[in-house]
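Labels run A, B, C, D and E following the written order; every chain starts at residue 1.
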Amino acid sequence: MLPQLIRRLGLMIFTVWGAVSLTFVILRLAPGDQATVQLGPDATAADVSALREELGLDRPMLVQYLDYLGSAITGDFGESYRFRDSATAVILDRFPATVLLAGTATALALTIGLLLGVLAGRAPGGLTDRAISGITLVMQAIPSFWSGIMLILLMALTLRLLPSAGSGDLRHLVLPAITLAIPFTALVARITRSSVAEVTAEPYIMTARSKGLSERLVLSRHALRNSVIPVVTIVSLHIGTLMGGAVIVEQVFAWEGVGSLLVGAVGNRDYAIVQGTTVLLAIVVVTMNLLADVLNARLDPRIRAGVTS
Amino acid sequence: MTTMGLVQNPAPPTPLVPARTRRATVRRVVAAVPIIIFGLYVVAAIIGPLLIDYSPVGGELDDRLLAPGSVLSDGSTALFGTDALGRDLFGQVVYGARTSVFIGTLVVLISALAGITVGTVAGYRGGKTDLVASRIIDVLLAFPGILLAIVIAGVFDRSLAIVVIALSVTNWIGFARLSRSMAMTLRERDWVKSATVMGVRRRRILARHILPFIAGPTFALATTEFAGAILAEASLSFLGLGLPSASVSWGQTIAAGKEYLASAWWISAIPGIALALLVICVGFTGDRLTRYFGRKQ
Amino acid sequence: MTAAAGLRITDLTVTYPGPRAGGLVGRRTPITAVDAVSLEVAPDETLALVGESGSGKSTIARAVVGLVAASAGSIDFDGASLLNLRPRDQWARRNIAMIFQDPRSALNPRLSAAASIGEAWEAHPDVAPEGVRRDQRRRRAAVVDLLAQVGLDPDVAGKRPTALSGGQCQRVSIARALALSPKLLICDEAVSALDVSVQAQVLQLLVGVREARSLSMLFITHDLGVVRQVADRVAVMRRGELVESADVHTLFTAPQHDYTQELLAAAVDLDVRS
Amino acid sequence: DDDTSDSGGEAGGGEIAVAGQFPTESIDPNGPLAIDGGTRVASIQLYSPLLETIGPGEFDPRAAESWEINDTATEFTFTLRAGITFSDGSPITGHDVAASFERTVASDSPFSANFVDVSVAATDTTVTFTTAAPDPALPAKLTGLMITPAGATEDSYLDTPVTSGPFQVESFTPGGDLVMVPNEHYWGDQPQVDQLTIRSIPEVAARVTALETGELDVIWGISDDQVTQLGGNTEVEVVSAVGSAVTTMWMNASTPALEKAEVRRALWQAVDFEKKIDALYPESGEPADSVLAPTVFGYAPQEPVVYDPDAARQALIDAGFDFDTTLRFHFSQAQFRQWVDSVVADLAAIGVHAEALEKEQAVYTEDLLALNWDINIQQVGTLGLDASYNLGRLYTCAAERTGYCNPELDEMLRRAGTSVDPAEREAAYAEATELIWTEAVGMYPMFVKNLFATRTSVSGFEPDGEGLPRFDTVSVDE
Amino acid sequence: MNDTLRVRDLTILLPGPRGMADVVDGVSFDMVEGRTTGLIGESGSGKSLTAMALVGLIPETGVVSGQVLLGEENLLEAGRARIRQVRGTEISVVFQDPSTALNPTMTIGDQVGEILRGRRVSRGQARVRAAELLDHVGIPDAAARVGAYPHEFSGGMRQRAMIALALAGRPRFILADEPTTALDVTVQARILALLGRLRDEDHLSMLLVSHDLRVMSHVADDLVVMYAGRVCERGGARAVLNRPLHPYTDALVRSVPSVHVRSAIADPLPGSPANPFDRPAGCPFNPRCPRAEDRCRTEVPALREIAPGRLSACHLAEELT
């Protein structure tokens, strides 16, 4: 077991390295560098080149890259010029808020999505199925920022039920979590639907029926567990989509997570923050994928045994 | 007659036949609706701008924020109302359709082309090629959703090309994954093996025995990605990272109208509905295609 | 010609990467599917390859046509080695044709029967009948001729596999295999998927073709009754190894190896008129 | 009153929450983000300057009791109030002021560009600034210098720094909420509220909603349309404050198409700014009659440019303008979009092609400095409310900012910048302003007021001289 | 006792390319206690549908009519609850491919014992019983293997487990749908021997679906031959195979090559099996029948008794005796 885990970890590290390098490259390709942005239109050319030197931006690209990589390994993404603090500290400060938001949204999406998906997949082509298909399509078709603002206007302004924006107690969490969960719920529901539909066509479901089990038992004991396996895999692949959605939702609701931090940092060319955030989010995605694999191994004895299915 | 077990109890078959065909016709018509609507969008995108005269800079400030159906100062009627600069929203929606459909199409074309090429070759050849491709895909998959698009669109100068590139950078992965896995299964099909055994050249095998089968599901995926690209463009516009201001797109209009949701809802809502409707229609079509090609597998 | 005419397999060993051992992503433990097997198929001879499921029969066939790489041993045909051919040298194998088990999936569902058959000629213009690559009429005539040889009507030429029955599909596959006039025909369970009544049709056709063209045949099957009908010699495999090989009569009347005996004992005949 | 649950207990106290559009990423008043929107608003509440501007060329003492300027305007000595202390109770000395000044100069912020070749010396009660060249505008520039302890470093500002203003920090998350309570050691009047929270809500719809629901008490960064929308709400009041910002649209005189002043004037004439202001900025805009805002020292009103498209077109034809050229109209902030689009439309109406180019911030800056544009739009403010920051810095030939170069103008600006006599300076700036106006170095269509919306429960809200929100006089009744 | 399961006029309609078609048409036969009834026919002839219809496991889109009589009770008219009660305890099923018919994520023991758990048997007791059953079907070291997952079993063991699962509810009727097709010959022989043993020991009635005539000839007592959804011949197995009363059965018997005697390849039947969705007019076998006459092409032959216990649906059956 150990060597496999090490291999898997090696793959993770490779992936994160790739993510780190890609961000580096993109930011270096971008027009204008940190020095010009930092000093603004009032700076003289001498000031700019002095700052460039100070930041090490005048060194050869490869040197900068290796240097950056070297410190990235130790968790150091440099200092944010705006926050005057280590980027890692700034990001980690904001991270719990994003975890809370994304976690709540995931929990919501999984509960409702699985329910809808099972209802639809139980009788593919039926009325329920088509109704749920329609609903989920609509849920996926509405941009998050739009549904977010609409929810604010409805729940906060018109009904005065919930606070509109900002962080704080749990009531602040409700609207952003719902907004973020809407498309994700639809996704989970759609994947679950097709998975359940596929599994219920498997011969072993017929076997279960031939034992005289009730449909409910057939579904809960035989179909569900097997349907969840592909759902876990695909949903884990979409964790990234969720995190991307979080960026926008945080912006709408002034949720102080890494998403809104990133948007600000991109605008201000705060390289350290941009790089650190992307890498952190990449690590989250990769870790979630690993967790999903572990979960699947728990759910499916064949995966545990290494039988490729 | 009885029904048993799992049988749902449909009425006796014989008298049903005419009703069944009628219902089938109705169903076929209903099923065609999304495609027809989608077609209308495409037509609007292509010829709309030729019919409707709209200038993105031609606002009359006296006509700001007029509700749908209002009469403008020049005597014409603004079917969908006007925006904060007094520009006719109907024209904006039609012109925006062109941009959005264009961006969606371009993103899908680029991503599909790149994705299918990489995926098919990797899946078919396997070995090192596949390893390299899979690792690249892994790396890109680690980037959350539109994050990469935000970074790219955020740090480069605004232009249509940048938006298209930013969206394509992650979009092609879906195509690559799909075609890779399909190529891997197809590779094991006996007809591919027969061709290999007969000494048919690799390129020809790809073209004749593999790609045609990837085409269908890819097309189904393309519809979803098309919708996704349009939505993503809207999200970028919302963050202020979208197209240059001179271009008209739904995303821009929706984002511009978000300030007026409480007062002039139509600015955001109408292109929003246009967008959602298109995405839904495309989604329906995609679902049908997916199911169709899924069944054919 | 030389003494080495026909197919000669010496100490062939084939390993597959195998499933990942344990855990989430383990190292792959290689599976030795074929272990030091030596076989010969003389010209005009039919060798039947039998054995339990997973014993490596198909793997040998695949190795001969280059679908899998051998890890050790040699495969020669008419004195020339078939190992390590580059993809573009595949024409060297044009003397060997293969017929697969599933009649439908062996044909590209998007191509008409004529297109499937004609593909062989496009890949090997040097050995194609004259003019078939450019002249549509000649091409059609050649296809119809081949179809006739496998007992199919000319109108089958324009049909796709979905419009054909299983037996017809298998005949088209055979026609395609014959298009390059091979010397060796490998049939991997070529009749197993067919209904009994259709199985007899295809068997009869194969035997007829073999006689008419004096083909060698490597015939893989699990039906000992069929073996008895078509084979000259039989090779019995078990778990990647060759356990016994003998001519048909000897093997069926005096099996040497325990496994062969078990196999024969398990194979019942129709309990009728006896 | 965050949400609605917790109301201030003590009489006259209460808590208020306010929000703007930009996050407060730093509360270091002398750091690189010193003039960042969020940081400035925070600094005003947290720190004391030596002096503050109360009108063009008029100052009020704050931490300084008095100051003296020598005859050549090269030496400025400030005497601090006696017995003033920081929030931790330690005394504020001249050394603290000097250290603050030095940190500002070293910070590489745009603010530090104000203090080239200025040296500082201090005693416990005084601080003396010496400039290499005469700089009569120095007191104005020093209004932005906030006093922090001598021992302060960047790290001091990460959570709860020692402050010198009416408030002190209760808690601070960079980019998140800044919670303040009254500074009990403050030398001036104690703030009325018990707690002040500044947060940022980037989405304007969310911000306005939060004000309407009472989650926030004061918001800013709202557009005129929002004001219209809020008009129906009796619980909300709109306050506007004159700042120093002027909507400035330079026309690049170094490009051949815009070389002639007649052409530039004609273009100005071709745009119906009055209508634009009426329609787009009824609340925050006011037609401008000068390059500088009336609050600024050096302001001199000019003859307004009257909208006359026909005359404009004729003038262009007379000047031999090539109607085939496309003018690159360059901007970077989304807030200018509507404005730019409608200007482009007006120009199009007289046959002049202008192309709106919205640029990414870094690209915009680069192009701006490289004079890689034909028309440009910015809101130009005047830090310290002295024309030297604006005219003196941006309009000289050496600055190469506007594309316009005129030795005569250089001379006027030099005089205005070095003269010790305020009257003479004022006259020189008036002369320069007239030249800039008539030569149409740019179009100067609008003075920009800052808009604030407050709940009616809030009283005593009054923005400071530069139009920034101040909360030390605010009180709230539940 | 209701020891016989009688199938009468079973007809199954399924949606096809051209509307609903009777894919199974008027099938009648009996499953008698202690006897194995063989159901034979080419692929697509409706064997599996017929067998599954006995326990109500046909596709949801299908429509069934006719009678399946367990004693006097018509199972086709019974309610859902009753059918569920019948499944597994009166009639149970052994499926063709044990590798897909077993739930991959559930242990063998749980799957075998599951049917008992509905009857207030604890999980532990169910496991003990499952171990007994696995032992009964010849799985070595059964007690240790109840916790194994299907993928840890070989194909033959899986099929044994599948049989144990079918026996768990102590049914009297077993429907075995091609239980050995997926297995090796040697394994196949053992499984068939096991099924024979169980039939005798437990007095079971068995319906064995297969297209392997050789197997059938050794295991079946009675034979039902189907062609294109209809029964074309029925009778005692030995009698049917010895002297077929239908040209189709005759051709089948001739097509099977002998293992122990070298035989020439028989003259095969021409053409391909009829598609039940597109049955030819008259006798469905007529296009391939060497004896076909005019009336074979127009008139559907009725299944009728030609000799005692021998039924045939050929117009010319009398001539074949």
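By our rule, contacts are C-beta pairs under 8 Å (C-beta built on N, C-alpha and C of every residue); 3 or more make two chains touch, one makes a residue touch a chain.
None of the values given here were measured: they were computed from a predicted structure.
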Steps needed, at fewest, to go from chain C to chain D via touching chains: 2
Furthest chain, CA centroid comparison against chain D: E
Distance between the centres, which are taken as Cα means, of chain E and chain A, whole angstrom: 52
Centroid spacing, where centroids are CA-atom means, of chain B and chain C in whole angstrom: 46
Centroid distance [mean C-alpha coordinates] between chain E and chain C, Å: 33
Multi-chain contact sites of chain D, meaning residues that touch two or more partners: 203, 205, 209, 360, 362-363
Touching two or more other chains - residues of chain E: 55, 57, 60, 83
In chain C, residues with contacts to at least two other chains: none
Residue ranges of chain C touching chain E (in the complex, touch as defined): 52-53, 165-168, 195-201, 203-204, 207, 222-226, 228-230, 248-249, 252, 262-273
Chain D-facing residues of chain A, complex: 30-33, 36-43, 47, 51, 81-85, 90, 93-94, 149, 152-153, 156-157, 160, 163-169, 171, 251-254, 256, 260-261, 264, 267, 269
Residues of chain D that touch chain A when the two form their complex: 2-3, 19, 23, 25-26, 28, 31-33, 36, 108, 110, 113, 154, 157-158, 173-177, 199-203, 205-207, 209-210, 212-213, 215, 360-363, 365-366, 368-369, 393
Residues of chain A defined as touching chain E within the complex: 123, 202-204, 206-214, 221-222, 225-226, 229, 299-302, 305, 307, 309
Chain B-touching residues of chain D, taken from the complex the two chains share: 203-205, 208-209, 223, 225-226, 228-229, 275-276, 278-280, 334, 337-338, 340-342, 344-345, 348, 355-360, 362-363
